[in-house]
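These are the structures in question, set out in turn.
In the two complexes below, subunit A is the common chain; its partner is subunit B in one and subunit C in the other.
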Partner chain A sequence: MKKRSMKGWLYLLPAMLFLGAFMVYPLIDVLIYSFEEGYNSASQTYFGVGLYNYSRVLHDHYFLQAVQNTFLLVIITVPLSTLIALGISLGLNAIKPLRNLFQTVYFLPYVTNTLAVGLVFMILFKKTAYTDGLINLMIQWFGGQSVDFIDGPYWAKMFVLCFYTIWVVMPFKILILTSALASVNPEYYSAAKMDGTKSFRIFYKITLPMISPMIFYLVITGFIGAFKAYSDAIALFGTDLNAAGMNTIVGYVYDMLYGSSGGYPSYASAAALILFAIVLTITCINLMISKKSVHY
Partner chain B sequence: MEKKMDFDKIERRAASRKRAFTAADYVLLTVWALMVLFPFYWMVLTSVKSYGSYNGEYIPRFFTLAPTLQNYQDAFTTVSLGRYFLNTIIYTVVTTGLMMAVIIPAAFAFARLDFPGKGIAFTLFLSLMMIPNELVVITNFVTITNLKLRNTFTGLILPSVTSVFYIYLLKENFEQIPDELYKAARVDGTSDFKYLTRVMIPISKPTLVTIVILKVIECWNSYVWPRLITDNPNYYLVSNGIQEIRENGFGRENIPAMMAAVVVISVPLIVLFLIFRKKVMAGVSRGGTKG
Partner chain C sequence: MKVVLEHLTKRFPSRSKKGDDVIAVNDFDFEIPDGKLIGLLGPSGCGKSTTLNLISGLEAPTSGRILFGDDDVTRLPPENRGVGLVFQNYALYPHLTVLENIMFPLQNLKGADRPTKPQMIERAKTAAKLVQIDGLLDRKPSEMSGGQQQRVAIARALVKMPRVLLLDEPLSNLDARLRLQTREEIRRIQQETGITTIFVTHDQDEAMSISDMIVVMKSGILQQIGAPQEVYDDPVNLFVATFLGVPPINVFDGSVKNGRLYLGDQAVLSVKGVSDQKVAVGIRPEGFVLDAQGPMEVQLNRVEVMGRDTSVVSTHPASRNVQIRSIIPARNKVDKEAAAVRFSLMPDKVFLFRADTEERIPVDAQ
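== the complex of A and B ==
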């Protein structure tokens, strides 16, 4: 018996070593960092313990800008992408021929490198001395004014960021919703048809309640994912996000850690913990709402 | 007789309404498909336009009559795209291989072995699943820097060789294998390790393949950690390479060559996806996280 008990831990050992070194220890360490004031990474010394790092971060103009950008991105993209994905999934569910082809095409953004395709979006939207770019050309066809979406006004940059984010997150949402729709028991639909129920009513009374757990799952993961937005912004606006005014909270954390403005693990830790607190709060609120309104 | 006529009419009207609905449905689906495909088309198109013709087009053209492969040659000779590519392949293969070697025994221990403290250990494991990567990256960065492992493959690979989530996924799968098999193997005197390699791994192959594919996608696209840990272009992965190219490769304006690099970077995963389409989609719907 003793031999077997040793064995179980032996099988776990490699995983525990790695998790201990790169997850558990960092987790404790990040808390400590965030309370150490005036930490110097060269000499590894600090002056005192307190909340200064948090207050410094919360008063940083760049951090507030990052928070604003992140919240705007979340508020715009999460509902919009979920709604569009629901529409597309319903559309997919209603057809037979070509369905596989459409599904395959819709999934492509998932397997592409976010930074690489981001470059394509950049050249589509960017206005340079040589060309206004394709999107601006289209705007001009419809009689609009061309705008520089990459280096121009804030709303234009926000628009591109949201547009690209939606493009990137769509495959996952469509995939989850189409499989949820496909798993609704067809007998419910047959019964409703027998009774001559109108199709909108079928959707509202059968489809929506049956897939509501999956919709909430997508909303929750969508919130979490969008709060951590970073590489999409990097791909569109380059590595100096603060200068572009398009930084995100995660971007702020990394900028504090590394790069031209880096070298401050304490501020980075405080910002990361603030982000974690925000995400945790929003997820809890989401879970509370979903308990009330999701049909199981 | 008249009643029957009416009935026909209603049926015809319903059918034509259904046809119109289906047509509209196809149109909308096609619109989204075009939105998805267009950036890919544009990237391939731009990559085969010559430098001169691309910059000569004030109004971008939707096709080209004189495609050239010059940009692809430039992409490999002007910047070390081949190097980035090789690095990414090494990184992906080693990380995925090591991860499998770490998570299979762990999942096996949780699924089949009895040992004191298993319950607590598993609860702790599950609670680690909620920890976002952003929180631990800071200390890991400091750790790897202090160990002088910046700009090495070891530093790149070490922090990502375990995944609590994949251990969980695999454990669930292992548990579905009937216990009787295990008992029979014990009676026959088969060791735990032999049982794991001869019985459990072959049976769980679909799940293992899924995990491998998901990890490969993750490795291929990883950007944040490699960026923090490498500043020597000899160790850049493709994501960092593409960012480097964007910031100061090709003299900034050579967009066709840039697009050629983007095509080269995107193709491997797209091919992998088209080959394993069903497995990738099933895997992502069970364990995907992006989005």
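== the complex of A and C ==
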């Protein structure tokens, strides 16, 4: 018996080594860093232990800006992208001709490089000396004032960032939801038809509960993904996100480590742990809500 | 409510462009009397489920009419026909409780037809009581056995008080013991409510045992309608004869010469009024009588004792089946060691069919 369990541990060893070296150890290290005050990465020394790093981060104007940006991004993009994806999936499920073509088209953004998409968005939105960008041309065409979406007012930049995020996360959601819709047994719809159920009621009483586990999955992963947003903002606004006022929490963590103002692993660790606390809280709330409204 | 089908036809377009249309239901023209239990019977793919879907309104016929009593319902949507349909897999909404499932059809009603909430609950409870699941109203379908789920499905179909109740393969998802119990149950519910009930099955035993009338179909074509015993005793063609009856009928290649039926070179029966020709012969297992002087000799394989009666398994050169199975009363002892056994035949258990069309050839009563 003892020999057998030894053998089992031996099989687990490679995975445990890798997980330990690249996951558990860094996690613990981050926790330790976040409490070490005045840590110097060059000399590997620190002055003391305490909550100063947290207090410093929480009083940092750039961090608060990043939190605000991240929350706005989450609150706007997660519900919107899920709703739009649901609408498109229902549409895709209802049509027969050209369904495959549309499915491919809707899936394309998923396989496109983030930075390439960012470039396209620059062409659409960026104002340069030569052109105001495609969107501004359209706004002017309808008689509106052109707006600088990349270097202009905060709301315009936020709009572009949200638009971009929704556009990037949509394909995956459509993919999941179309397959969820397709897996609903057609007998339920026949049964509903027998009773003359109105189409809204079919959607609300049958379709929605049937695909609720998938919607819940998308919402949870959507929240987590949006909280971890970073590359999208870089693709649109360049690497100096603090200057653009469009930094995200993960962006802040990165800047604290490697950015031009970087070299502070302690602050970065504290910020990262604050993000972790936020994501954990939101996910717990999501799980509590889902107990009532998700039907497995 | 009697149900009348007039020249009802349903074609499905072929999947490939070149192929012919599939005719699932071909020119059905018959009447189902009021308040009866009718079994639509046929092998898989014979169009029986399509027929049910046409009556329910889930599918529209290519041509022909459907009447409930004197109402032409051909163009009516399902909810206005007054039909209840029980699906093969029950199609109970898994996220709703039993009570909510049964109430679902009532909640779709509009205007003056719509009962108040207490009335809905009352009617749902009445329906649940009828199918004897009134103690399980708060359960989810996943917390119930297959038989209980089936009852919920029947209650849901009955709660709107339909004029016609349709059941699609109602017993196919149940185990053998529950199947026997449930078919009695369906019979009881049908008799208590008096609703004209049509059910689909491929199991002849099921159809024969509880139906007032059976409708035998094959490849979209109606073969025979009648009371189960009538159809069994008087099949119109070889297909109906082989489809009904357990163990199945024994089929032989035979010929008629001078009013005598020959199987191989044995003249086994006198058949008056039949002209000389090659025929297919069907002999029911119970049509064999052990008789040392009998005209039909078979090579004995084995004897299976089943208590009430004895099953004699044998071979005969003219048989189309590998083995012939004959059922004889247990008191007639068969010598298990014998190489051959002789039988005489009961004339009313022997059917002659044309060799080409497989239609029944009438034999004069003797």
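Quick note on the criterion: the second predicted complex is superposed on the first by the 283 of 296 C-alpha atoms of A that agree within 3 Å, B and C clash if a C-alpha of one lies under 4 Å from a C-alpha of the other, contacts with A are read in each partner's own complex, and residues count from 1 in each chain.
Convention: a residue touches a chain if its C-beta (ideal position, glycine included) is under 8 Å from a C-beta of that chain, and two chains touch if they have at least 3 such contacts.
In this text, all values refer to a predicted model and were calculated from it rather than measured experimentally.
A.B. asks: Put subunit B and subunit C onto subunit A via the superposition and say whether they clash or fit.
C.D. replies: fit
A.B. asks: Between subunit B (first) and subunit C (second), which does A:Met194 come into contact with in this model arrangement: first, second, both, or neither?
C.D. replies: A:Met194: touches subunit C, not subunit B.
A.B. asks: Consider the C-alpha centres of subunit B and subunit C from the C-alpha centre of subunit A, and write down the angle between them to the nearest 10 degrees.
C.D. replies: 70
A.B. asks: One more residue to check, A:Ile206. First (subunit B), second (subunit C), both or neither?
C.D. replies: second
A.B. asks: Looking at A:Leu137, would you say it contacts subunit B, subunit C, both, or neither? Reply first, second, both or neither.
C.D. replies: In the superposition, A:Leu137 touches subunit B alone.
A.B. asks: Identify the partner contact of A:Lys228: answer first if only subunit B is touched, second if only subunit C is, both if each is, neither if none is.
C.D. replies: Touch partner of A:Lys228: subunit B, not subunit C.
A.B. asks: Name the chain, either subunit B or subunit C, that contacts more residues of subunit A.
C.D. replies: The larger set of subunit A residues in touch belongs to B.
A.B. asks: So, A:Val253: does it touch subunit B (first), subunit C (second), both, or neither?
C.D. replies: In the superposition, A:Val253 contacts subunit B only.
A.B. asks: How far apart, in Å, are the nearest Cα atoms of subunit B and subunit C after the overlay?
C.D. replies: Between subunit B and subunit C, the minimum C-alpha distance equals 6 Å.
A.B. asks: Report, in rising order, the residues of subunit A that make contact with subunit B in one complex and with subunit C in the other.
C.D. replies: The answer is that subunit A has no such residue.
A.B. asks: Write out the stretch or stretches of subunit C touching subunit A in their complex.
C.D. replies: My answer: residues 56-58, 77-80, 83-85, 87-89, 91, 93-95, 104-105, 108, 160.
A.B. asks: In their shared complex, at which residues does subunit A touch subunit C?
C.D. replies: 185, 187-188, 190-191, 193-198, 201, 205-206, 209-210, 212, 295
A.B. asks: Within the complex, which stretch of subunit A touches subunit B?
C.D. replies: 4-9, 11-12, 14-16, 18-19, 21-27, 29-30, 33, 41, 87-88, 91-92, 94-95, 98, 102-117, 119-121, 123-124, 130-134, 137, 167-173, 175-176, 179, 218, 221-222, 224-225, 228, 230-231, 234-235, 238-239, 250, 253-254, 257-258, 265, 268-269, 272-273, 275-276, 279
A.B. asks: Using the touch definition from the top, list the residues of subunit B that touch subunit A in their complex.
C.D. replies: 21-22, 25-26, 28-29, 32-33, 35-37, 39-40, 42-43, 46, 55, 57-60, 101-103, 105-106, 108-110, 113-116, 118, 121, 125, 128, 131-132, 134-143, 158-159, 161-162, 164, 167, 192, 217, 220-221, 223-224, 227-228, 238-239, 242-243, 246-247, 253, 255, 258-259, 261-262, 265-266, 269-270, 272-274, 277, 280-281, 284-285, 288-291
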